[in-house]
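Each chain gets a letter, A, B, C and D, in the order it is written, and its residues are counted from 1.
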Amino acid sequence: MRRELAAEWTTAEWFNSKPLTLAELRGRVVVLGAFQMLCPGCVSTSLPQLQRIHETFDPAEVAVIGLHTVFEHHGAMTAVALAAFLHEYRLTFPIGVDAPGGGDVPLTMARFGFRGTPSLALIDRAGYLRLHQFGHFPDLQLGADIQKMIQETGTLAPVGSGQPVGAGKSECSLDGGCS
Amino acid sequence: MRRELAAEWTTAEWFNSKPLTLAELRGRVVVLGAFQMLCPGCVSTSLPQLQRIHETFDPAEVAVIGLHTVFEHHGAMTAVALAAFLHEYRLTFPIGVDAPGGGDVPLTMARFGFRGTPSLALIDRAGYLRLHQFGHFPDLQLGADIQKMIQETGTLAPVGSGQPVGAGKSECSLDGGCS
Amino acid sequence: MRRELAAEWTTAEWFNSKPLTLAELRGRVVVLGAFQMLCPGCVSTSLPQLQRIHETFDPAEVAVIGLHTVFEHHGAMTAVALAAFLHEYRLTFPIGVDAPGGGDVPLTMARFGFRGTPSLALIDRAGYLRLHQFGHFPDLQLGADIQKMIQETGTLAPVGSGQPVGAGKSECSLDGGCS
Amino acid sequence: MRRELAAEWTTAEWFNSKPLTLAELRGRVVVLGAFQMLCPGCVSTSLPQLQRIHETFDPAEVAVIGLHTVFEHHGAMTAVALAAFLHEYRLTFPIGVDAPGGGDVPLTMARFGFRGTPSLALIDRAGYLRLHQFGHFPDLQLGADIQKMIQETGTLAPVGSGQPVGAGKSECSLDGGCS
């Protein structure tokens, strides 16, 4: 079973929240969704799913965090553009902007090893990274995985046994643009 | 918190399985979906959801049971018709046919107090009825509720805090036909 | 350009209408949709499309006719079952039941050479069969094709240049069951 | 019947095409779709519909033109952002950027009297504005309307008898932001 402390994120700016660190969310399950505002699969599928998670679970138990990991079209996906996007799409969970790295790929995206957008990471109450994966997950499995992590005390059961669905459809990958 | 032993079902016939009783499923979480094969909301939404649950969770933990609760058009929704329907829609979880009652409403449907189709009941490992409701439930909440019941040992947390969605859209109710 | 008089249909029974012949619809564009009530692709896609056509075009110009061409599960898709189905799915255009042939395939289905369900035939004001095809057609192309036939006077332009979409997905074919 | 020459558009920039004037499209049916790249209903519904029209009809008969009519979030929906958006969403029809007016509303949008996005205008072969409306139109009616205009010679039949659907859902209006 995967047993690796999740790295801290490095962000340039926050929307819908004061700046947050992963460290201060310790004790809660963290659902971290990496996206780009011009990634079609993020807009149609994964961002609405993150909003649903935000509205379904108790925020004292589960923190939903969006991470704007821009690795292409940097001039288009600016902070001003993201603010307008979040307003028009009525996304209300906290969203951090991944800090620029040396090249196209931003810092946290590189650190977590995300292969494109959307990507999802589940981090448990103790701060361990339990799942991180490129593509979409079905709500039913994800609801069960989150609940499993909410109820964990001492012993940890595996999560994320399900396969992502839709990987390769409307995602944007580091090595191939958007499909 | 609701704490009521679920009634046993009374069935006339089974598909995709040998005859099953609720009693013999004790120890497993039971997801019981009441439907009619000519209820549009059942066909488009709740039966595919039951199939997803059947494919997502370990059958040793969760038993998905369909219950064909015909309360109208009895001459149309016969066992022969149901067999063809299940074949064409590729539904593979166990499905019992609710036994005829005195009038239009079949026995188990009346016993559980289902108001129409689709209806959903969640029964815990100990045989207690934890939720029963008319309408659809979102996958995310349902996935979490099922997982919560899988992990229960001594103490029981409430389930089904979420509201059904889509009640009133394409359902068939006892007092008003299909909407 | 295809130039073949459409064969008359032979029906056992009608719903939503008195019995109709193709001959008496001469002068109107006829949209003939062959379906089975337990064909998933018919239920989800082609029957709603026929209903939309029925509601969009002037009935003095366009006659939408459903043809229940049962070639499998005959014991399930009876007239009683069809009546209940039409009621629950709120289909209001005229629907004829294709008359039994010698074997599984009904008479009109064989005569038109339909390969499965759903199939669509477009018959022009002069009674010529202008298109007949297995699978679904997109609304945009179909709307244009129907309008083209409405406006025809002397000279006939080709219709149906578009390819069916979705053939092979949820259709039921004579030689392979439902996909 | 409406009989009004369509106004010329005034644009600042073009994508997917050299600069085009309405005048030079005389002789073709023009489908003009006003949108904003951050208008949810445009992204999910009307832009895919414009792309379908572009792919369904002969370009010698029908010219599909997108018009980026930004009336809010000007700093977000820049030309650079639009270029990235068109690339990611694979929109390939000609798109002009409406020229800035004195205030928030751009020049052509004001001239046509569009109330928000998405809006649709149909302009006939002779240059007359036959329909202009806020909201979405169903494909079936729109396919028929376009075909009707393709076939017009001397006499003109009315188009656009259908009502827009979905107006009030995910559109962005001048007086109320996005719904």
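In the analysis below, a residue touches a chain if its C-beta (ideal position, glycine included) is under 8 Å from a C-beta of that chain, and two chains touch if they have at least 3 such contacts.
Quantities reported herein were computed from a predicted structural model and do not represent experimental measurements.
Visitor: From chain A, what is the lowest number of touch steps before chain C is reached?
Guide: The least step count works out to 2.
Visitor: Just curious, how far off is chain B from chain A if you go by their C-alpha centres, in Å?
Guide: 34
Visitor: Approximately how many whole Å separate the CA-defined centres of chain B and chain D?
Guide: Comparing mean C-alpha positions, chain D is 47 Å from chain B.
Visitor: Once you find the CA centre of chain B and the CA centre of chain C, what distance in Å lies between them?
Guide: 35
Visitor: For chain D, which residues are shared contacts with two or more other chains?
Guide: Correct list: empty.
Visitor: What topology does the chain contact graph adopt: line, ring, star, complete, or other?
Guide: The chain contacts form a single closed ring, each chain touching exactly two others.
Visitor: Who touches whom among the chains?
Guide: The set of touching chain pairs is A-B, A-D, B-C, C-D.
Visitor: Which chain C residues qualify as touching chain D in the complex?
Guide: 49, 52-53, 56-57, 138-148, 151, 162
Visitor: So in the complex, which bits of chain D are touching chain A?
Guide: Checking each residue of chain D against chain A gives 38-40, 43-44, 72-73, 75-78, 80-81, 83-85, 87-89, 172, 178.
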